[in-house]
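First chain A sits with chain B, and in the next complex the same chain sits with chain C.
Let's turn to the complex of A and B:
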């Protein structure tokens, strides 16, 4: 049944491809003329034909720069015009593919006669885009408050202005057979490992897909294990964070149209480090990092432990808590597991609803959900008070992760734990934990171990993992990235005693 | 892949065979006690707290009592009386009637030491009188008997009672040259008191040390940080609180029979000497004399107590254990024969560090 269908599909693709490949300038313009925003006309008496997509071109350049030149000067040829026009990056070409690309990105095509294959491309692109604004996902109280936007050029300039060195390399690829998305690979030559760069390029070149809408497409396509719930490329909207890791020898992938930049190779601990950690004194940052780590464990394990202990291990409940727990559980018609699943699902529903709704209504939903549904559920005898607190705290704790992607992972991975807890108690929790740890140990991020610096144990990298030592102790770049040059600064210089001001 | 999937599925379905009751569907036994009826029969009582509604927060206790011929039967019979399955995991206090204790509680120790759900930090106690009455008794505290009793024992361990729980008792029970002891409890109208320490030989009670002498045993066994003792001096009663003590044992084997030297050093302060009418500040010699009086008191009491142990052929201090640890060629049989002739010399070094704020 579906075999002939597949053939038909292939035929359709062939038709699309043949439409775009075997073209002359004439056929290209014929195709374009189906669209109403495509303009093509003769200018004045000189007979020059200009064609452009009006929605992509800047009126100013057409009216102030191009048309006066065309109308006033007596120009002999396209080359002559190329010299006279006060616009940079003008080229003369006969390649239809190039012409198509140019006209679709806002170039004005000038021809001597309308049937000519040889044309002049004048850049006049106009991009409508957001201004650089404050980061919304990875907000920080102190530190820079610039976030990436949807334009790859703006994003690059945000990075370049922080790294004014010639070694900062930006290599661009075109990806997505239809969307033709610009994808840039950014790294610092001389620090980033050559193998890592090769791996990234190889993976990017292997992508064969028709549309690349966002950087997360790339993230999913080039990740080492696409069935894993753990993100293997870190995405961030903070230029300062990207620059930080670039200097460490990592590689950034910038995608046009996406305000998120991917960095790799990454490790699990990097997902729990916020940019705030580097703006605070190291001991405070360490304390907050540990709190965040605890929050993650609490968020994942608290409800499974509740289920396991209430169903199997009554001995573990402290005497003082016994009456509270038993009294609040007494009227609940469900076993602990159902109770937990009901409440967890409610919280998940609230999150989804909150995320989909406009900000203002979203807040209302949060309050309605948190207070009204919570107390109502307890009053109705569907869940116990104790569990409500645990679930609410667990949800709160899962919001402490600085990277949004890992937050989603944490939301999800507690459900296997719940199943394990219900079936085999603490043994089940331990089994699921072992499964996850095994999975994490096997996981790689562009070929580099994801569970480092824990496995393989890299003692040097632990200086900036669960704790953050002061900058004076971070004299070497992390081993994880295998940097070409690992020394950051002269360690002896730091330890010099400077008790006399010279 | 198929094998893996199959084994996971097996695990999931096998887990369904497990019969599980969550915590509120179980009768959680917190206290259990056994009484002696006659040669063949014992009477067992369990206390199960009944947690009320949250608003009321009153604690009631359900007591079930059955008479059975053996311990195994006890388990079955008590389930017959209960509407929920019994769960022994939160057992906190386990009591034995004195009659039962003097006839031996080997069987009970075996059960307690084998059950993995029962913690090693539960308290055991010997009851002077009827255990059932003690468990069923109404006490003024708004808490269960189990919690009340646990509190009493824990509080006393901080004071004059030597450390005791199932772990210590079992250790002493199984060790060579060491015997156990348990708190001796008594119901007095509407409260319970620790009225002494019952001394065991193997698993049978052989003697009871009265409440005022419990500190002596504690001094011999372990470091005391908060013990208090009152003695009668020629001027009247004087109370002292021990703030720090240390006990060391020395064994010397010169002849056939080993000799033990017990050195107790302690610090304390006088907290009650009103009756004497002596102004302590102006009388440093009086303090020196008090130090001496207390030292001789502790020394004679300790020696007396050791004599009592020797008479009963029991060794709660663990002299035999010390001997075994420090000397080569320990022979249990020889030791047991020698024990009554062993010389124990107690030496008390007491320092009074304060007399309180006297006016």
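Let's turn to the complex of A and C:
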């Protein structure tokens, strides 16, 4: 893919590429004539030829602006017309590549004669797209309720609106040899680290792929370790969240056609912090963040621990509790591991079905699955009540992650734990955990350690990791991004102490 | 002299360097291993419940040895391989370095095998040694191949994760008998010295500094962290020993092989009992960094000497460890291995003052020569 291609492949230039290279305006239009939505006709007494793709162009501009000028005025040349037309950003060009790009994005091409290479490009693009709506994946109760949409321009304006400074830099690249997707790199000049920006550009330029449909394509292609189950770039649909991290010195990657913006470098703890955390008072936010963290551990470890303890270490359970579990498990014909796998897979099945179905049917599926199948499974003696509670709670807990992507990871990483638990009980669970910790320490995001601020241990960044200290204590930007200027505000103003009644 | 410097100069790229503070975690992880789980009985063999004094004495000795290690590394330029080459020349020095490498391998083997023994005794009497040690070594290989940075990170995580285990000491102290500690100091100096010799072995681990010294970003600043680490280890040993002395009587303790684990057994919560299962599982986080550090140290020396790819040596050493683990397949042999490793460790500790003196002399000679 983005590795250097072999020589044999290069020799084998396909028909597609030969069509697009070395063409003139005439051949370009000949190719376009195959499509029915391509219009090309003569206008007015002087016989100007206009050509455009009707599905991409705004009728208003053609009818109200272009045609009256062409029909009423006596025009000598294309330059003359350029002055007369009340439209901005008109260009005269002879470059076929440019003309192709323009006509495909909704420009109207005007020629003096149909064989002329010199043309006038009049912008008349019309974009169909969704209106800015409320975030659905990363919903928050308080705070801004705008989410990104599929248009890169709208997304940029959502960000610029919140950051009205000249240092907010937006650099655009064209990616995907066929899709020609617009990809923008956004950062604040003077805060974002030069090396990070270089790395991002380097990685983006190395991508050689025919289609970039969504930002997740980019995310997978430029991540440091593409075999890891952990996402190494954070994707979000909230403009406020992106702006927040831009100010911290991170870099955002915006992809046209994707309502999700990537931010990097990121850390594992960032995946567990929600926007809500900053809209609530710091102690409440801290408490909720810790609950969320506990939920993640519970979600991953609860069923493996059930398997480990019931298979190998039943002595660990106190007598009174043991009798409850024994009563619940008395009729179950399966060993704990089989019981757990059946139920875990059922939950995964429900979740996958719920995600693919429309919202209204999805709810029904949830009820059918959760209540009907659950109760039936217990009644039929396939699983125990205790396990049903644990699995349901674990599934619930895994939904508390504020970022969707890490939720997927959590869904999957519990299965190695189950295997470990079945092999060697608690020791096996500890071993799998160690493997993951080692893996996380190894991971990097755009060359910056992913497991920070835990390792490397950065006390400054720990102030906004597992806990969130008040804004007055966060006078410096996090070290993770290596910001060029790290001071957020003057700390001395905050620490001024006042006496009573002063 | 320039020639020597060319052979021995150690250069570690900037991005692999660690901050001085992390030395604390490395030294502490290297010192605390499987020994602490059962050291109460053998340090109290000679001086009974006065042996907490000998822990303090051996702690002082270790502080002195640590100071010597730093001194010799500062004057010797780099790591132990460089010092050996300067003092003994290419061949003899190289031989000595290899001996040290084998020593670290022995250390890794002892810790690993003893811990597997603990698992066999306490959790899975019918453990399939072949499969378990294979998977265990695979994990260790994965971690060591990640490099010194990863191993250091793991030390940090392990220290943080095992701090809660210290709180469990509360349970035996609650039911302990303080009278067991009296009368204090009723043993002879000789007895105390003998138990100091035993005690000092639980502090083995500072010698790894001889190898990873070039990886420290600002070695001068790391000194205090290294001493903190030793001090912290002393405190933990002291707390562990005292807890055991409060709980067990002197005679009973002699029959308890794994004192600390036995004390975990009495921990009780409404939802969980028999805490030693969790304790042993958590103790994996102490064992693995320990083994990883030793293995890393063992494989680093051949790399420095012959410039062999360290991944290959780690792989080879893992295979060697696997075979050796299978060879030590019963309690007696594991016991012999521990005794042997302790003896070797004692001589390695004795060797530190020798290196210290030699490097000082070399330094004096060299500076005089230059004048």
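The definition used in the following text is that the second predicted complex is superposed on the first by the 483 of 502 C-alpha atoms of A that agree within 3 Å, B and C clash if a C-alpha of one lies under 4 Å from a C-alpha of the other, contacts with A are read in each partner's own complex, and residues count from 1 in each chain.
Keep in mind that, in the parts below, a residue touches a chain if its C-beta (ideal position, glycine included) is under 8 Å from a C-beta of that chain, and two chains touch if they have at least 3 such contacts.
The structure displayed is predicted, hence computed values, not measured ones.
With chain A as the common reference, the superposed partners chain B and chain C clash.
Of the two partner chains, both chain B and chain C are touched by A:424.
By the document's definition of touching, of the two partners only chain C reaches A:442; chain B does not. When the two complexes are overlaid on their common chain A, residue A:310 makes contact with chain B while staying clear of chain C.
By the touch criterion defined above, A:321 lies against chain C but remains apart from chain B after alignment on the C-alpha atoms of chain A.
By the touch criterion defined above, A:115 lies against neither chain B nor chain C after alignment on the C-alpha atoms of chain A.
Shared-chain residue A:329: touches chain B; no touch with chain C.
One listed stretch of chain B collides with chain C once both complexes sit on chain A; from 45-53, 81-89, 99-107 or 171-179, that stretch is 171-179. Of the residues of chain A, those at positions 312-313, 315, 317, 423-424 touch chain B in one of the two structures and chain C in the other.
On chain C, the positions that touch chain A within their shared complex are 19, 21-22, 119, 123-124, 127, 132, 135-136, 139, 142-143, 146, 149-150, 152-154, 156-157, 268-275, 277-278, 280-282, 284-285, 288.
Only residues 310-315, 317, 319, 322-330, 332, 335-336, 385, 423-424 of chain A touch chain B when the two sit together in their complex. Across the complex, chain A is touched by residues 11-12, 15, 18, 20, 22-24, 26, 28, 49, 51-54, 57, 59, 87, 89-90, 92, 117, 119, 147 of chain B.
Touching chain C in their complex are the following residues of chain A: 312-313, 315-318, 321, 423-427, 429-431, 434-435, 437-438, 441-442, 451, 454-457.
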